[in-house]
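Take a look at these structures.
Below, chain A partners chain B and then partners chain C, in two separate complexes.
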Partner chain A sequence: MTTITTQTITFNVFRFNSETDYLPYYKKVEMEVTSEEVVLDILNRIKWEVDGSFSYRRSCRHGICGACAIKVNGKGVLACKERMNDLIELFGTELTLEPLSIKRAVKDMIIDKEDFWVKHEAIEPYLISHIEEHPEMECAVTPAQAEALLDSDYCIQCGLCHYSCPVIEINDDFIGPAAFAKAYRFNADVRDDGIDERLDIINAPSAGVWDCVKCFECAEVCPKEVNPIEKITKLHNQIFEHGRAINNVATRHAVGFAHSIKKHGLLDEAELVRYSEGTLPMLMKHGKVGFKMFKVGKVVMPWNMPKSDKLDEVKALIKSSSTVKF
Partner chain B sequence: MSIPIYTYDAVIVGSGLAGSAAARELQIAGKNVAVITKLHPLRSHSGAAQGGINAALSDADSIELHEFDTVKGADYLADQDAVELMCQKAPSTIRWAERMGAAFSRTDDGKIAQRPFGGQSSPRACFAKDRTGLTLLQTIYEQALRVGVDFIDEWYAADIIYEDGKVSGVVAFNIRNQEKAIFNAKAVMFATGGYARAFKISSNAHANTGDGLSIVARHGLPLEDMEFVQFHPSGLSGSGILISEAARGEGGKLLNSEGERFMERYAPNKLELASRDVVARAIINEIREGRGVGPRKDAVYIDLTHLGKEKIMERLPELRDLAITFLGLDMIKEPILISATAHYSMGGIPVDIDGHVRKNNDELVEGFYAAGECACVSVHGANRLGANSVLEALLFGRHVGQSMVADIDKLFLREAEQSDADAMIEEMERILTSNGKETVPGLRNELQQSMTDNAGVFRTEETLSKQVEIVKELRKRFANIRIDDKSKIFNTDLQEAIELGHMLDYSLFIVESALARKESRGAHYREDYTTRDDESFMKHTMAYMDENGDISLDYMAVTPGKFEPQERTY
Partner chain C sequence: MEKKLTYALFTGCTAKESTPEQLMSTYAVAKKLGIELVELSEATCCGASHLQDYDDFLSLVLNARNICYAESRGMTMVTICNTCQLNTAMTKHRLDSDPELKARVNEKLAEVGLEYKGTSKITHFLYALIDDFGLETIKEKVVTPLSQFNIAPFYGCHNIRPSELQNETHDSAENAYNPNSLDELIIALGGVNVDYEEKNKCCGFHAELQAPHTAAVLTGKALMGAMDANADWMVTPCPLCHLKLDTQYEHASHAVGRDVKMPVLHMQQMVGLALGCAPSELGLQHHVSKVNFV
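The block that comes next holds the complex of A and B.
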């Protein structure tokens, strides 16, 4: 950086005070933005130079405390870690600043994060183990065992993934990617004794890991590369490995998936639905659609199912990895 | 309108390492404890510590060496009984944090790994990659949560209830809606963290506004050694955001505009690994003499390119990320721009070795405790060594929690009254209704800029006297402010105004204490008195504020120990 450049940017700033406003509104603010600035600098300048009543959360200002998460043009960012120049390159010179979740807005950029913390606490986010108050030695943990956490301990609870997850938007019970990543963090720790307890919590119908639709949004948005979806997948496996699976649609879906792959090396979607939901419920729920699909030749009958040319390899793989039978 | 009064055995203000560790001790001892914090606990600044936490764990190291390094680093102003306690308890404290879940980096045989830091005789800093504070803060908070500590977050503690030498509660308001409450307790602890936000260029969080110190000082209680503010050599140019000492530890070279490795002139033996105060002064001197670099010529280069991509990605990935974010410079390919940044507060609320707050040199306040960066137990003296302060916060937080447990049954509960909240309500009303012409951001900016200019790395009689007048003048103007937000919901405008009031008050302690200390010791460097003067100044400053806001100074003896003062060379 040998020179500092500036550009004029128009910000549409989400404004709302739940005490006095019936509806939110957007305020236009024009500013000279320098190449040195991050989004938090802009929030500060709006408050300090334009309108002192503008509110947002922040603390550390270098991407480690998780307080300052907001959305810019719909993209979730940590305000103190997001360079203005990068956003301008991406979206141009008109930018909309909004809170992480509009339906939870309390005051400007500040949202009510209660649901996030409740779910965080629900998964028992602590090492479950007898705590030796005056230990002579540390627990022995090899570098490889320490690495098994896969950076899940790096989550700063910013909530970006949680409020970008489409399932959270429609299902209030869903525990959500950040809390799942946290559950993984302790389940992966060799010092922890609470793995089964935690698996039972994250295995619950509608709240648990089975309701994730695998959209990868959480991995995409995370500013710390925690990659929650990767941890969710690992939790799926742990549920089977530890024999905590309960016989329900979601787990049957997973097992049925494996059956299909084992049999054909490919996914037999109709059979998967039948297996997961049961024959009769399937016909009642999906019968109409199924019949239409059958008419246009979209449903393959089991006896006509093609086989993968790598079937032997797939079978060997499945044999070595599967652990549970219903 | 009546204000609810909640009653607890103990109330703690601050939920960083110190506050959370203390709270857990009280809770597991069956005491009824609440922790009030203006942030969510996990946003506390303890989470920002990157480098490490000290303990003599290895066979090559010893507790005595840790003690010696600490006392020497402190330029002999530390109290040696406190240093001894800290160094002795350090190994079991680190292992206790490990048992609770902290994800430390490991050696091949499964032990906690350690790395070298400035001023240490042996690699002593335990670390978790470059996120040591994060893992510790999360761990202590989680385990406090597990045992059922009552965390009351986003509440602002604005006052203590202090009468007849005894503290019996905290007065606070809810930042979400301005609901007010009195937290009545037998024992109160302050763990409110550091105060380097009084300076323009600072590594500290926005939240580090030193509220706890001024709240205490406004009741006529003393603050100790406030002149000792540590300036870290490597803050990113412009923002002051920290580039950890690890960057120099791994071999970073400092260069000026002429491409000279200038540390050769200031510390020919230790070069970049001389102590923090020495390197910070060298950098500022280069800039003052016109050999600065960058668009404002207010920085020097730290060159890490010779380390190579692999080593940088393995050892300093977070630091590389910070430089890219804040400077747009990639340390793998090019040198980055750094300068000294206000970083750590050695002084604070004076306490005895068990965390009891001092009323003066001889007396203690009943039912009042402090620990962590806001306190001065004095383990850091005039200059603290890297990786000793997270240790202090964790260890003394826990230790003071235990001393509260031991005291509580002997303490009586003086019942709070509605009028105890008067001072806070008046302060809030005054700010909300004040219709002057000064703004909070305007005054704060003047304060921070002038503190950096006049009470920074270099100080003289002239700059400090000037700064005393500036702070006094700013305090007058502060009475004439106006804020934009008059609403009740998340009124951060009001909060920033209250915080500015605190910053103005404790800043006066910093400059008055510095003006009177006519010597150079550790982080306090007087260009007009360039040497250490043990004869006159081997003593702690104790400063008091009277009702008019004027400061008077007293001094208190340093607790000696096995290490005699020597000249400090590295």
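The block that comes next holds the complex of A and C.
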């Protein structure tokens, strides 16, 4: 049996009451923390032993309701699941407890998750099925077909990925990783007939998957290993496979890679920008930076474009292995 | 004398085009340290996570082909771009853990006489230096300690996330929420590593064309974080982060409402400076945000 150890930890606890406070503040709390405790134990002890007005959400206490998600030193955690010892090992003995999103704080750790639910609803998170009114047999899903959901149905809607996504912080329209993963969950369901409808929602400029910056924060933070960015990639693929791609800068940018690789093996960076944006918009949007780059030798002229060796091999593979058209 | 370290170098596209200084400094550092780099001249673009959005299977086949050429040379593949590292390592992980997928990919590769076996390791040059060459050995080779500089490490998403995959590719485990490899390298070179919130955050590069405002805000926040931490310059192992931080300061300044600009060095340039390489050998003249301290 492992022995229980104790360490003195300083917590900087985010405090804010939107009804009475103009600005949030951080309260220092020092505590003896044992190796058996999880973050939720600390939240409880702050409330019970230090300040009864301290507020946070918690319910199931075993990682399934998703209510107790907060951030510790910027790392999103489910408070009931995250071991204090792991955090101390990672960050040391001074830890900052904050709500998932400071700008949405209502009281201490409690945030207003309205945007999360609005976006969740926006992707039509339910089966859209054109079934017979009086079916004569059940609608069976084989184990292999259930596997195809790739664990996207494990989402507990804790909001950790949503509020760890840097795009959510900047672009209010962006639907976000949790709702995208949910869209995939229904798009991949064999009983569902709503895929094209959903793809048009998640394909929209500014709101849709194309604004994802591919930082993998969502995959890293998810406590249920839903891996939202994997689903975001799958949604991109579905957009092309189902012929829902709109001819715009985002889709041309993805397709441009295939063109470039076919021609040079390597990516023709300047040509990719021109292909994606169009010649005139390219000059208007990127001309100034492009010129600065040209002056310091950062632009390769078309006639000097490097090529991969054995380009015939690459061309043959692109011909035989391509699975979509645009 | 220990066995000479030899790697198959996957340059990626950027080092051959918009960041020539990165390729120059990679070779300069390798020469100083006695590391042999054999360029994978057959390699194609990794797809940069965008080809993957369009045609996932095609990107697997092309990345597997790249790895084949490291395997046929019997070498570990070393990458110098975080995104190349991610896409190549992800391909390897998927093929090694899914025999059916591997067979499908190999069926295509067989048409051009290749076979993906899964025998080559894939690591980023940063981790090759740390794991294989060793920080202590690098420390011994420092001729110009960087002691007068506060240096802000900028890790770049695709070297640290998803950490489960990344930590399969190198020995020194890195935590995505508190990475330390680049910090330790700075310290080994005698520099002062500065801590700031954005060091493990996204630079916005991959959304530059389709979401320019988001991308500019992220770049601006990174530069601001480093400036407020009193850094003299930033350093990154990723040429894409470098491009964003080095060339896009005007858009970034506009987006965050403050003038943000500072010299940004490639990890290799920083090592090269400490090892006594000449600035021209490291391509410092190829920066848009001028490197004014050498």
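What we mean here is this: the second predicted complex is superposed on the first by the 297 of 326 C-alpha atoms of A that agree within 3 Å, B and C clash if a C-alpha of one lies under 4 Å from a C-alpha of the other, contacts with A are read in each partner's own complex, and residues count from 1 in each chain.
We adopt the following convention: contacts are C-beta pairs under 8 Å (C-beta built on N, C-alpha and C of every residue); 3 or more make two chains touch, one makes a residue touch a chain.
On a predicted model such as this, the values are computed, not experimentally measured, just so you know.
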Partner chain(s) touched by A:S206 [first = chain B, second = chain C, both, neither]: second
Touched partner set for A:E36, first chain B, second chain C, both or neither: first
Contacts of A:R58 with chain B and chain C, given as first, second, both or neither: first
Contacts of A:E19 with chain B and chain C, given as first, second, both or neither: first
Touching partner for A:L149 - first (chain B), second (chain C), both, neither: first
Chain A - residues contacting chain B, complex: 1-4, 17-20, 35-36, 38, 47-49, 51-53, 55-67, 81, 83, 85, 106-108, 110, 117, 121, 124-127, 129, 131-143, 145-146, 149, 153-154, 156-157, 186, 189, 191-192
Touching residues (chain side chain B, partner chain A) in the complex: 39-40, 42-45, 47-48, 92, 94-96, 98-101, 103-112, 128, 131, 133-135, 138-139, 142-143, 145-146, 176, 205-207, 238-239, 241-242, 294-295, 321-322, 325-329, 337, 439-441, 483-485, 487-493
Residues of chain C touching chain A in the complex: 13-14, 16-20, 41-45, 47-58, 61-62, 65, 108-109, 111-112, 114, 157-158, 161-163, 175-178, 197, 201-202, 204-207, 209-215, 217-218, 247-248, 250-251, 285-288
Residue ranges of chain A touching chain C (in the complex, touch as defined): 73-75, 90-91, 166-167, 170-171, 174, 205-206, 210-217, 219-220, 227, 233, 236-237, 240, 248-250, 253-258, 260-261, 265-267, 269-270, 273, 276-277, 285, 288-289, 292-293, 296-300, 306, 308-310, 313-314, 316-318, 320-324, 326
